[in-house]
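Order of writing sets the labels: A, B, C, D and E. Residues in every chain begin at 1.
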Amino acid sequence: ADTGNANTSDETSSNQENASNEDTSKNDEPLTVVWYPNESGNELKAARDALGSLISEATGREVEHKLTTDYAIAIETIANGNAQVAFMGAQGYIEANEKSSDVQPLVVPSGASGTLDDAVYYSWLAVPKDKAEEYKTNGEFDINKIAGKRFSFVSASSTSGFKVPSEAIVSHFGEQEEYKDLTAEDLAESNDLFPEVLFGDSHQGSAVNMLMERSDVSAFCDTCVSNYVELVEGEANTPGAVYKVKDDAAAPFNNLTGKEFTLISVTPVLNAPFVVNQSVLSPEEITALEEAFTSDETANNEEIFVPEGSETPGLFEKSEGGNERFVTAEDAWFDPIRELSK
Amino acid sequence: MQQVLNKEPINSSVEISKKVQKGEVILKVQDLYKSYNRGTPVLQDIQMELKQGEFISIIGPSGAGKSTFLRCINRMIDPTSGSIVFDNTEMTSLKKADLRKQRSKIGMVFQHYNLVSRLSVFENVLHGRFGYKSTLQGVFSLFSEEEKELALSILDKLGMKEFAYKRCDQLSGGQKQRVGIARALVQQPKLLLCDEPIASLDPNASKIIMDHLKDISETMGITVLVNLHQVDVALKYSDRVIGLNKGRIVYDGVPEKLSNSAIRDIYGSEIEDLILE
Amino acid sequence: MDDRLDIIKKKKIQMTVVLLIMLLITMGTSRLTEFNFIEGFQSIPGTIGWMAANLIPGAEAMENFSKVLSKLWETIVLSIISTTTAGLFALFFALFGSKTTKVNGPLAAFSRLIASVFRNIPVVAWALVLVISFGHNVVTGYFALFFTTFGFLVRAFIETIDEASMESVEALNATGATYFQMVFRGVLPESLPQMVSWLFFMIDTNIRSATLVGLLTGTGIGYLFDLYYKRLDYETVGLITICIIVVVIVIEFISNKVRRLIL
Amino acid sequence: MQSNIKIRNGKIQIKTFNRSNFVLHFILSFLVLFTIVAPFFLEYGAIDIQTAIFYTLDNLKMMFLQPALSQVTLTAALYQILITLALAFLSTLIGAVISFFLAILSAKNLMPSYISNVIIAFNSFIRAVPTVLWVLIFAIVAGLGSVAAILGMTLHTIAYLTKAYAESFEEIDNGMIEALRATGAKWWHIIIHVVLPQTSSYMVSWTFLRFETNYGVAIAMGAAAAAGGIGFELFMASSFYYDLHEVGMITYFALIIALILEFISIRIKNKLIGSKS
Amino acid sequence: MQQVLNKEPINSSVEISKKVQKGEVILKVQDLYKSYNRGTPVLQDIQMELKQGEFISIIGPSGAGKSTFLRCINRMIDPTSGSIVFDNTEMTSLKKADLRKQRSKIGMVFQHYNLVSRLSVFENVLHGRFGYKSTLQGVFSLFSEEEKELALSILDKLGMKEFAYKRCDQLSGGQKQRVGIARALVQQPKLLLCDEPIASLDPNASKIIMDHLKDISETMGITVLVNLHQVDVALKYSDRVIGLNKGRIVYDGVPEKLSNSAIRDIYGSEIEDLILE
């Protein structure tokens, strides 16, 4: 962070002339970055630090990382300006943005194409393999069949483990007379559609619910369980794909090795953005941040975009021959998710 | 009569012969030593024989070992060495069940009464019968009518019958002490141990209690062994006085022969300490 | 004056030393955690403002009222049954652990240790073990509450027994009573009122900690709290909190009344 | 039998109706009945008890028989524990100081009852608001970090310790307070020279118990408020990696800390109580 | 000498004239009534004049109002009506600060000693000086060397100097009571109120305490007012005996004139009640 300071000192001092708001006086103060629990693991420290020095170089301010285990606290913190930068799920961004329109997306990690088009991951609905046939009509997987089953979500604040699947389910069943009053909120508890609703508290937990047959159908996301399962049949991230729990899977899958499950529905979910609070950063700082994030140098930084197959875990992965990088995103890009909450 | 009291645990119509001859040795203590936590001995070389129906007082300065001695007798604490033969049974080697049985024949009256304060007088007195009961009978308070009548007649004798249903925390000190005595008597013991039974009572109540104890030993033939602080009381009531100092018996004889120099022996330098000017 | 050091001066020196040590630890720990006293106390007025602005339930939140009530009921039931059952077990461990009623030393040390272990295993750990096995279920909530309650009640009961019963235990032993006669007729009558008072205290505590336990095990009011908290629906969170406050105050009131009647 | 003795069904009653026992039995029967009946009104969903128990035992085995650190190094873990301890210490200390003053205000023997009632109600309010919510509120107002965690925990500490302290204050023998009032002493003199020395051992014991509890709370809250501490590792190990071995290890650390605190507490308490026992 | 003691709060070299003439009226009670919670009066129509250096005993059955009377004098409880003039000041109308000042001139000795058991003898005795201290001086135990010497000289006189540094919970009853007296004397009071100072002491200790009290009144000219249960003790020590029954003074005169019939008047039917058989 110190060298970063030296490099950008000229820039920051010239900024002060232009930025005639109260922020100028704050420029020496440390800049706070809030991380969600998902990205707070120790093995990601190197990745966080790499991003931290990136931010610090861009703004000339020291960076303090705040790792919280509580989503609500993270959202409130960025929304009321106690933090300047945050990395949060799309759903979290929507909520922070609703609380304060000063919160705006900065960049989003792209897909392999290097654009926003495939900046997504996937939310699955999975059932045990031996029961998969029950969810088919005429050989095709049919979401209508989940009516009357025991259902497991991740947690009420999860984008891919609750928001996306519940909205998908409601919009599907809402067209039927029987369920027309059903709302996504109702799905959080036993309801007309699901006699029993469980929460796994984590994606792993939700998967375990299904594998232990406490639930018939579980929702969870692809990346969250990728360490524990492997594809054995079909094409990844498509309905009908069969996954098996790896033989050396760690807890909580350690007693479930070899069990197989089938995807009956797959929904893409928008990638998580880095967001800034504009009221506590000067426009110059934001521009500098944007430039730093989207630069080629960052895209090639192996601590940030870890090459596929590498031993060191990272926040983002670069697939073979892929062009993953940070790309700027507008607030409007998140509208599909925002629609879900309405 | 005496036999009835001793052999039969229950004797509801408590008829009492007016005078029981003193004779048979009921307690024999030999070479008793006691030290706490391997420290200096609190009791040393105690030899003692108590006869049936005797009234004996133990006097001695604070810390002399009076309470310790009483507690050794019914094994509330274990003596370090020596022999205690009560009612022809060696106490020191007894195992649990047998010890319980022996204990039920030894009543104990405490300085602080040690009543279960939230229970009624009646219930507290009946606790004295536990030694004769199976666990379940005791736990569910299954007492026979005879036992209840025995308890009532003892309460009556101590002038406490009208308080039978009163909770013990509502009694005065003297009344509580009488409940304590009743509890010990309902055991129909052969030996009654009293640890400073009048220490916290006013002179009137003290007199009542001492009179009762004396009466018990005389009319029921129960041996009564009392720890006392008040020399004058000891002299007045006892058949025999035992003086204890630093864990040793320094006097054992009739009260009439207890000279001033013997008292000085018992209380040692303590007397000067107590009366400072 | 006496040549010995004046006792008052000695105490003052002792006090000063203790205070200095405390001050040092305080400074050390606040450095370590970057805690700032002034900042801390300055933030208090703000919290009151925030609560007033955000936690007062409006009409929308009130729509959830019936849901809250039904979960509240579940929480109350869980708190009571976990407390009574834990109390039953705690009674026996406390009897074995208390100075006055212990059977032997090693067993006493063992039951105290068990109690301490149950008290101090983090709820998170309990919840984790149980949630993996039992899933989100009232049974999970029940066990999580049961274990912590048990740990605490053993300690509370031990102190109650030690305090209340020394003398009656002695007297009953002297009459030749058996262990259970002594316990049921001597110890229990003496310490039961205080124990009941502890039971009430724990029911009350469990209802409050049901938010934490529920949040981890997905049961009772804590589940709802977690649900609305994670949705940032603070008004409903406020409604839930108010419900808990009301229940806690009612229980405290009953417990005081009962205490006065039975003690 | 005489007038005041109650007989029912030919049997002598050993106790009569009294309100406090009636209420006690009523409450206990209610609790027992409630415990038996209420579970039938809960919804259970499906649990396979057999597998559930198997999994529980298996998990416990992993936790306690095979503890290991995998994500964190031992030094890092110890450092984080130190931070958690520091958080717990500060919230206990601040809480204890404030509680002392509040407890004086809420002790019924030191203050008029309307003041104490206000404080008691205030306490109930504080206690009923979940700690997470307090921490959230402070995090919003004061920002992420130790301030939010410590203040959030301090509030519950205050509520708890005020109650505990006030109850020990209320147990002080009124005579002592009266004796000082009779010398013309001021209110603060009484607080410092009677209340403080007489209750310090209780206060130490309650404070350490709370310290122990706060350590547990600090594990969760330190992590939530981004103040750091071992709770972060515990959170990651439990809900992210499902690493029961590591959870077990961290749990062992928590237990060791608790035992050390209990040990220190007993030492200090004995020192304060003095050489009496 | 007498003036030095009265006017000057500190008089380190405590020289004591051997005989003080009794004369000046120090306490004048007129038309005193007291009832608790608007119930039946506990004290009725009390008229009394105490002179400097007098030794007065109040005797009477339990519940006669002896303690109530003593407590009214230093306003530990407020009388319902009537006038109490102590040292030329009307006590009943005093406000806080003035009341404290008056109280500091009235020593009080309690039946249960009411010492702060965790503190040393010396500290307990110095508590008697709080009436002369500001809040801060008292809170931080700022006593002058003169005060400490005064305390030590009084302890010396009562034969307690060697125990000065002992904690009060390690003393015997008689020793505790002497500390209580020392605390009252260090106030350098004009009037000493003693509520059953020997009720819980053994005869030896009782004698020592009564001798001390007598000595104090004779050599230091302090008026001593003692509540007693023991008629014989009252007769032996007092210049004047006051008999109280059901809240009324039924006897007021020299002990020599207290006839058996007067005693019956004082104790009423209670005598029969107390001695039950």
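Assume a contact is a pair of C-beta atoms (placed from the backbone, for glycine too) under 8 Å apart; a residue touches a chain by one contact, two chains touch by 3 or more.
Computed from a predicted structure; not experimentally measured.
Note on connectivity: the fewest chain-to-chain touch steps from chain B to chain C number 1. Common neighbours of chain A and chain E (chains touching each): C, D. Just count the C-beta contacts per chain pair and the biggest one is C-D. A straight line joining the Cα centres of chain A and chain C is 38 Å long.
We define each chain's centre as the mean of its Cα atoms; on that basis chain D and chain E are separated by 45 Å.
Work out the mean CA point of chain A and of chain D, and you get 38 Å between them.
The centroid of the Cα atoms in chain A and the matching centroid in chain B are 81 Å apart.
Shown for chain D are the residues in touch with two or more other chains, namely 20-21, 45, 47, 51, 55, 59, 132, 136, 140, 145, 228, 231, 235, 239, 242, 244. Under the contact definition stated at the top, the residues of chain A that touch 2 or more other chains are 72, 76, 198, 201, 205, 212, 214, 251-252. Shared interface positions of chain E, i.e. residues touching 2 or more other chains, are given as 123, 141. Residues 173, 175-176, 178-186, 188-189, 192-194, 197-198, 200, 272, 274-276 of chain D are the ones touching chain E in the complex. By the touch criterion given at the top, residues 71-72, 75-76, 95, 99, 155-157, 188-189, 198-199, 201, 205, 208-209, 212, 214, 251-252 of chain A touch chain C in their complex.
For chain C in complex with chain A, the residues that touch the partner chain are 67, 131-132, 135-136, 216, 218, 226-227, 229-232. Considering their complex, residues 74, 76, 99-104, 106-108, 110, 112-119, 123, 127-133, 135, 138-139, 141, 167, 169-170, 180, 183-184, 187 of chain E touch chain D. Remark: chain D residues 1-2, 4-6, 11-16, 18, 20-21 touch chain B in the complex.
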